[in-house]
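Chain naming follows the written order as A, B, C, D, E and F, and within any one chain the residues start at number 1.
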Amino acid sequence: MTTKKFMFVNRKAPYGSIYALESLEVVLITAAFDQDVSLAFVDDGVYQLKKGCQTKAIETKNFSPTYRALDGYDIEKLYVEKESLEARGLTEDDLLVDVTVLDSQSMGALMEEQDVVLSF
Amino acid sequence: MLHIINKSPLDRPTLDSLLRMGQSGAVLLIEDAVLAATQGHAAAEKLRALMTKMQVFALAPDLEARGVSDRLIDGVTGVDYGGFVDLVAEHPNCQSWL
Amino acid sequence: MKFGILVNEGPYQHQASDSAYLFCRAALARGHEIHRVFFYHDGVNNATKLTEPPQDDRNIVSRWSKLAEEHDIDLVVCVAAALRRGIKDENLAPNFRISGLGQLVETGIQADRLVTFGD
Amino acid sequence: MTTKKFMFVNRKAPYGSIYALESLEVVLITAAFDQDVSLAFVDDGVYQLKKGCQTKAIETKNFSPTYRALDGYDIEKLYVEKESLEARGLTEDDLLVDVTVLDSQSMGALMEEQDVVLSF
Amino acid sequence: MKFGILVNEGPYQHQASDSAYLFCRAALARGHEIHRVFFYHDGVNNATKLTEPPQDDRNIVSRWSKLAEEHDIDLVVCVAAALRRGIKDENLAPNFRISGLGQLVETGIQADRLVTFGD
Amino acid sequence: MLHIINKSPLDRPTLDSLLRMGQSGAVLLIEDAVLAATQGHAAAEKLRALMTKMQVFALAPDLEARGVSDRLIDGVTGVDYGGFVDLVAEHPNCQSWL
């Protein structure tokens, strides 16, 4: 089967809406199809990777552990926009997985290289 | 009046709208809006400006869900859902800025 | 105190329905009354009995039905919004009823506070 | 029956979402219940009153005429925030009905006076 | 050229489904092929046959069914998203089918372009 | 790359995100995003900045629906749905900024 470059652009905070959770489901399936998968976290999407999320009091499933499991599916290309982190007072240490931090220009250049860009 | 804001200040303009139009009373940040009340966040200055005319609260369960409970800025009070109910009851009217 | 609740978004996609539910439960725990929960716009999608979420997730629809059962709460789905979105008696979950927008206005008049949850 | 002050706060552009249309439906019913009805148009909500909307090419019902009909239901309190108009390059002449233009402070003061505020 | 289409929002509430439909029709008019339309998130709500919009409004659901009929387009509803939101075979509109997310990935691979419509 | 934006620049930050990250190619404004391309609008300056690196298009049916067809700023090209299809076909890839 053809291999294409798929990028998932995550721009929304988790738990306020379902996009982050359902994005993860597509990411896992795309990897199962042996495609070249990248995840980009920009704007409020960077909060999806924040350590220490506890959803007990909102009685919603905590899907943070799934980001930790991505590695096991050979999904290792996680990119975070530097400017988005900074605007939110976050640093790499606040994130629950290893990521590559890129400046806006580099993130944009990476997007241009993709065959398929899905934004959730 | 109790003003309820539920969206991230970096995703929607409701906090700005409230800053322009809000008069007095209190603001409760719920859902993604709680992100505004975290240390180092670009909207923290706006929140401080809001505090000069209103009391500011943030819903603790939503802070916890987003992993930012330990970063609440000074002057913002965390409340649980019971506190949310009390805030609505204590104010003569309320408005959700959707 | 008597609360009216307005829910403008469907289940799962946005947090609105979750927040509204948790608010209602907390209000009841404080001894307040929930006069009515009115579902408008995509909020009508909270009333489909066909929903079947994953086992490790909450069932938003049945949670509303159960709350209504236990506390005798009036769950009203706007008929015009529901027809647009395919919510009818045949797929309506228990303890919801379909009625007109007048029921929303009535809650606004009769409840001490009307609290809106949306996107 | 009790008469309460109902305000409908319209903050969203028309046609991109259904809120403006469904807001109008509640407004008409509220007037039918003989309540004190006010409409506030702020932020992108001011576009709901823009003259000259033509929805033929998007094949969607044009509900602009309903704003013109409000008068016939004795709904006459239409308020528009001045700052919202200005930020969008609009003036009162661009609007299809007579409105009262208020500055932000006055609009906020009016909101405070309401018994029930519905935001769509 | 072969287009894949992804629709992330339900009918009426957001313009996404309208925009996607008009895009498909224009693409077909230009002689392109629509490889598949995949409905995800609240987009699954486009597939309920119970919808009954006012007579002076468009029927978003039947419009999709008809387009699929006339141009043999594959309309796929994500099964997991559909179960959460109460879309099942019993209320599925004609010419839609329920399947897995693999169908979305496959369209991403096989189509020349994948265009997303959402909120 | 064709960048598709569908939200009002005074309601969502996607135009700002594109200004930061966008490299080249074209931008198509659809749905409420077309409001950005109107004379006197607060976002018009941002759009002009964008034009220094990308071509900017706006979907005419959406301009008409919002009554702003006659206010399109210079340098923005109106296209119909057929033109939307052509833009997608002409660019090697596309991205909807949701």
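The rule we apply is simple: a residue touches a chain if its C-beta (ideal position, glycine included) is under 8 Å from a C-beta of that chain, and two chains touch if they have at least 3 such contacts.
Quick caveat, the model's predicted, so the values are computed rather than measured.
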Between chain A and chain D, the fewest steps along chains that touch one another: 2
Comparison of D-E and A-E by number of C-beta pairs in contact, larger one: A-E
Inter-centroid spacing, chain F versus chain D (mean Cα positions, whole Å): 27
Separation of chain A from chain F, taking each centre as the mean of its C-alpha atoms, in whole Å: 26
For chain B, residues contacting two or more additional chains: 6, 10-11, 13, 31-32, 61, 80, 93-94, 96, 98
Per-residue overlap in chain C, given as positions that touch at least 2 other chains: 8, 12-13, 15, 22, 41, 54, 57, 80, 114, 116, 118
Chain A residues counted as touching two or more neighbouring chains: 15-16, 18, 43, 58, 60, 115-116, 119-120
Pairs of chains found to touch, sorted by chain label: A-B, A-C, A-E, A-F, B-C, B-D, B-F, C-D, C-E, D-E, D-F, E-F
Chain B contact footprint on chain D (complex, rising order): 9, 11, 42-43, 81, 83, 104-105, 107-109, 111-112, 114-117, 119-120
Residues of chain E touching chain C in the complex: 10-13, 41-42, 45, 48-54, 57, 61, 80, 83-88, 90-91
Complex contact set, residues of chain B against chain A: 6-8, 10-11, 31-32, 35, 38-42, 44, 60-62, 64-71, 80
Residues of chain B touching chain D in the complex: 1, 13-14, 17, 20-25, 93-98
Complex contact set, residues of chain A against chain C: 15-18, 58-61
